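Same chain, two partners: subunit A is paired with subunit B first, then with subunit C.
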Partner chain A sequence: MHITVEFGGGAELLFDNKKSHDVTLPEKDKEWIIKDLLIWIKDNLLKERPELFLQDESVRPGILVLINDADWELMDTVNYVIQENDRILFISTLHGG
Partner chain B sequence: MCSIGDDNFEELDNLKYMPAKEKPSPFSKCNKCKEEIPIVVLRSKDKYCRKCFLAGATHKFKATLGKHKLIRPNDRVLVIHKCGHPSTALLHFIRSGLDLETHKKLRFEPVVLFIEEFTHLTVTDRSEILKAIEKEVACFNFQVYLTSLAKLITTNSVETELHANFDRLEMDEDDKNVITKFVDQQLNETNKNDFLNITRQKLIVKIAKHLNCKFIFTPEISNDVASQLLTDISLGRGSTVSLNAGFCDSRDETVKILRPLRLFDLKELAFYNHLNSLEPVTYRKRDENPYKSVQQLMKKFVNELQVNYPATVTTILKTGDKLSLGTKPTNKCDFCNAPLEEEGPELTSAESTQFSHWVSTQTPAERRLAPERAFNNPTCDNYCFGCRKFRK
Partner chain C sequence: MSNLEIKTLEAEIAALERTLDEKKFRLQQLKSEHVSCPYSDVLSSEEIVRYSRQIIMPQICKSGQIKLKESKILIVGAGGLGCPASLYLAAAGVGEIHIVDYDEVELSNLHRQILHYEHDIGLPKVQSASEKLKRLNSNIKIVPLHIHAFSSITDFVQKNKYDAVLDCTDNAPTRYLLNDICVIHNIPLVSGSALQMEGQLTVYHYNNGPCYRCLFPKPPPAHTVTNCGDGGVLGSVCGVIGVLQALETVKILTQMEGVLSGRLLIFDGSETTFRNVKLRQRVTTCEVCGDNPKIKEPVDYEQFCGARAHDKVVNINILESEENVTVEQLRGVLDGNNIVIDVRSELEFDMCRLPNTVNLPYAKIRDNKSLGELEGLVKRAREGNKNVYLLCRRGNDSQRATSYLRQNFSNTSVRFWNVKGGLHAYSKSIDPTFPVY
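The block that comes next holds the complex of A and B.
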């Protein structure tokens, strides 16, 4: 399944300073939800200090998640079922300021 | 202790504490217009569509400024840039306000100031940040002055250290030591921060005067103000809490410090920037131990409580808004310039603290001979309770 994962607001500093990643998620029995994606990101994209991005089974407070340009709180946050070609953006509010 | 209303607590069990986080309502339209599909959730419950969210944010900014009616047309305003979402959003709010064609147009003249102090980064990285700031401010078409804390504290004339181009500002690996040396190393981390915060503020006021600005805008948001308020109370600055936590800090006669973003939270401003396609200048933050200073600890406390109790910050702010300076001050602190408390018929908590100290360091004979309130400021200096620890 193809999706786009993007980082902004300084979150990209943890991902080799690369803002946009075209990602193909491997097939699996169950549907992909955001919680699974976070683990996948940690194992495949995250370059340093996971504690600045993840906390427990979610993102660290202070990192906003937008699914197709809308707040993930409208979509049950970590339980959102990812669809083909979704655009998932992580904006850090923790860097700078 | 006040006990009014205590007896009702059992019955109103749900009101005893702040309400916990709610799930957004399943109603799938914007809270405001009830028509469009929402794209953002604020305070963990209120959903807004793009249009209503942006209109609401702009309105809040202008209402905060308008309510106090302090700024007059053509007044010069020094806007402090500190990197990150709040600063970028602040510049955008101002630019769009100035560019309006209606009667709601903002009519002051902004000048932007950036004080560099990222001494934990390499000189190359710091230079990149300055360059990015210069570019960002230029995009908004504002005049910018760049300077650094290390330079400001080592010069007697701030005007020679204000630069319009990033390559004019010299940065040195040694800047960190310059700042460290400036602060008394006997002080603990909390007091070092306190000292530097007051120093920064005094420098900003000095620069504002030099640039003929009557007002200063800082990019402090609600969380900053709430943790500052709790910090001030714990550091013995409770009597002047309204200066640091209110909308306007009026301790200087000519230059007023205003906090136009004090009712915004970070999520709101980050979304505002995202929807306006603005990417703020960011940098790697210093790794700070939250248990090393009261300031850091209060930030951690407020921000962590806020995650599950979205009313935390507003509760602190609304309570803070009810606090104001007592009598009209006649005397001001020599260091922080805040009004000094005058002796009243009843002892203040600062005086009580000083009394305990005094009474336990005097012999009975000395105590008998001492005039009334001798414990209060025995050296007769002009410092407030919070600043006395800086006295050498």
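The block that comes next holds the complex of A and C.
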């Protein structure tokens, strides 16, 4: 299944400074949910310092997850069932001014 | 020409400029003293001409202009966001603008904080900003508040019935504080932020939309927050977000539709893209804006965030005193016969550096990415019977690097020294021409 995983607001620094990743998720028996994707990202894209991205099986405080430009809170958060060609954005909130 | 002569001239010019500004301001006041217009009922002739280009728009019209004139707003932060935001709001004729900031103008502010000029360096930012805004529009009231947003802002919000608050601050604790105060006093909060090439914008607690706590019930871990002083920011990126904060404020004050509530605008200047994403609704269990709020007055936000309410670096002290050398001692070892490792980022090292130093960024050392290079340097030091000195901008990362080297090279005879106070101390005590940034 093909999806686009994006990072912004500084979260991309954990992923070789690359903001957009074309990802093909391997076939599996059950549907892919966001919880599975977080583990997949940890194992495949995030090579170090996972604590800056993940905390307690979710994203760490201060990172918003947007599925096709909508807050994941509107779509069942970690349990959202990922669809073909979804765009999933992880954006770190900025504080500077 | 001597430094003294330069300083004297600068002071004289600044004093003359202030006198000139005062006289110009007084003249403007006398000229524009409210003259009622026989051809209109509420606005003066001067106001009609000044604001005509927005009054003749159906979205603003006369009633909108009157609403702006009767509005009172609070802008927190007279920096990269607060300067452009206040400039447009003063120009648009918002009747009363209160600006809060505790800092003084520094040279490194001028690239983005566009209300401050060279001769303002050292002045309180709110003084510098309010002088410019008064010169732009003498019809409105500008109130500079030279206070720390953290200490006394609650009192000001309680006393003044603000129609909107603009969050133009630079740190997480103050953002939570402003959010809670605005929810408690039922004021919309126009929130902007910027870093490097990116900006974010939204309006909290407006029209049943979410507040900051609905989105971020838990604060970010302090070590994940980057400030402008460390991460850098492009001035025009701040400008984009600050101007958009002014736009949203005008829409709120004139009760226009389409306010950016329940949505987040993400600006990426590197691609020039604006992304407008849909946010959750107000969370009914939110601790401050929910149906049964727990927070009914401000709490301890520094403790909540585990961070201080400013974007200044807090200095650490993790080494024993015998592990430190002074910058005076450093001066004696910059002859190329010793090994001095500058652990700042490559970009900072490229910008300015001391002679005969090598660059190994602490971020790479910390992630064990520099072990090979460090082994080489330690070997060179051992063979040449040399010491290794660790240096950085303020003397914090160099302590961490010294500690790392002592742990990872505990078997060597080579000694590792931290340069106390770093390049800031070097500039202060040895050579003031080394730039303090």
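By our rule, the second predicted complex is superposed on the first by the 93 of 97 C-alpha atoms of A that agree within 3 Å, B and C clash if a C-alpha of one lies under 4 Å from a C-alpha of the other, contacts with A are read in each partner's own complex, and residues count from 1 in each chain.
As a working rule, a contact is a pair of C-beta atoms (placed from the backbone, for glycine too) under 8 Å apart; a residue touches a chain by one contact, two chains touch by 3 or more.
Here the structure is a predicted model, which is why all the values come from computation and not from measurement.
Asks: Let's test your reading of the overlay: on subunit A, do subunit B and subunit C clash or fit side by side?
Replies: Because the two structures are overlaid on the shared chain, the partners are seen to clash.
Asks: Once the structures are superposed on A, label A:84 by its partner contacts, choosing first (subunit B), second (subunit C), both or neither.
Replies: Neither partner.
Asks: Please work out whether A:29 is in contact with subunit B alone, subunit C alone, both, or neither, and reply first, second, both or neither.
Replies: Touch status of A:29: no partner.
Asks: Is A:43 in contact with subunit B, with subunit C, with both, or with neither (first, second, both, neither)?
Replies: neither
Asks: A:56 contacts which: subunit B (first), subunit C (second), both, neither?
Replies: The answer is neither, since A:56 touches no partner chain.
Asks: Is A:9 touching anything from subunit B or subunit C once the two structures are fitted on A? First, second, both or neither.
Replies: In the superposition, A:9 touches subunit B and subunit C alike.
Asks: Once the shared chain is lined up, is A:64 touching subunit B (first), subunit C (second), both, or neither of them?
Replies: In the superposed model, A:64 contacts both subunit B and subunit C.
Asks: So which bit of subunit B gets in the way of subunit C here: 2-10, 92-100 or 344-352?
Replies: After superposing on chain A, the clashing stretch of subunit B is 92-100.
Asks: Which residues form the common part of the subunit A surface touched by subunit B and by subunit C?
Replies: Residues 8-10, 61-62, 64, 66, 69-71, 73-74, 89, 91-97 of subunit A touch both subunit B and subunit C.
Asks: Any idea which subunit B residues touch subunit A in the complex?
Replies: That would be residues 24, 38-41, 44, 47, 82-87, 219, 266-267, 269-271, 273-274, 279-285, 303-304, 307 of subunit B.
Asks: Across the complex, what residues on subunit C touch subunit A?
Replies: 77, 79-82, 167-172, 175, 192-196, 198-200, 215-221, 224-228, 231, 233, 238, 264, 266, 268, 275-280, 311, 367
Asks: Could you pull out which subunit A residues touch subunit B in their complex?
Replies: 8-10, 13, 61-62, 64, 66, 69-71, 73-74, 89, 91-97
Asks: Show which residues of subunit A lie in contact with subunit C when the two form their complex.
Replies: That would be residues 8-10, 19, 48-49, 52, 60-62, 64, 66, 69-71, 73-74, 89, 91-97 of subunit A.
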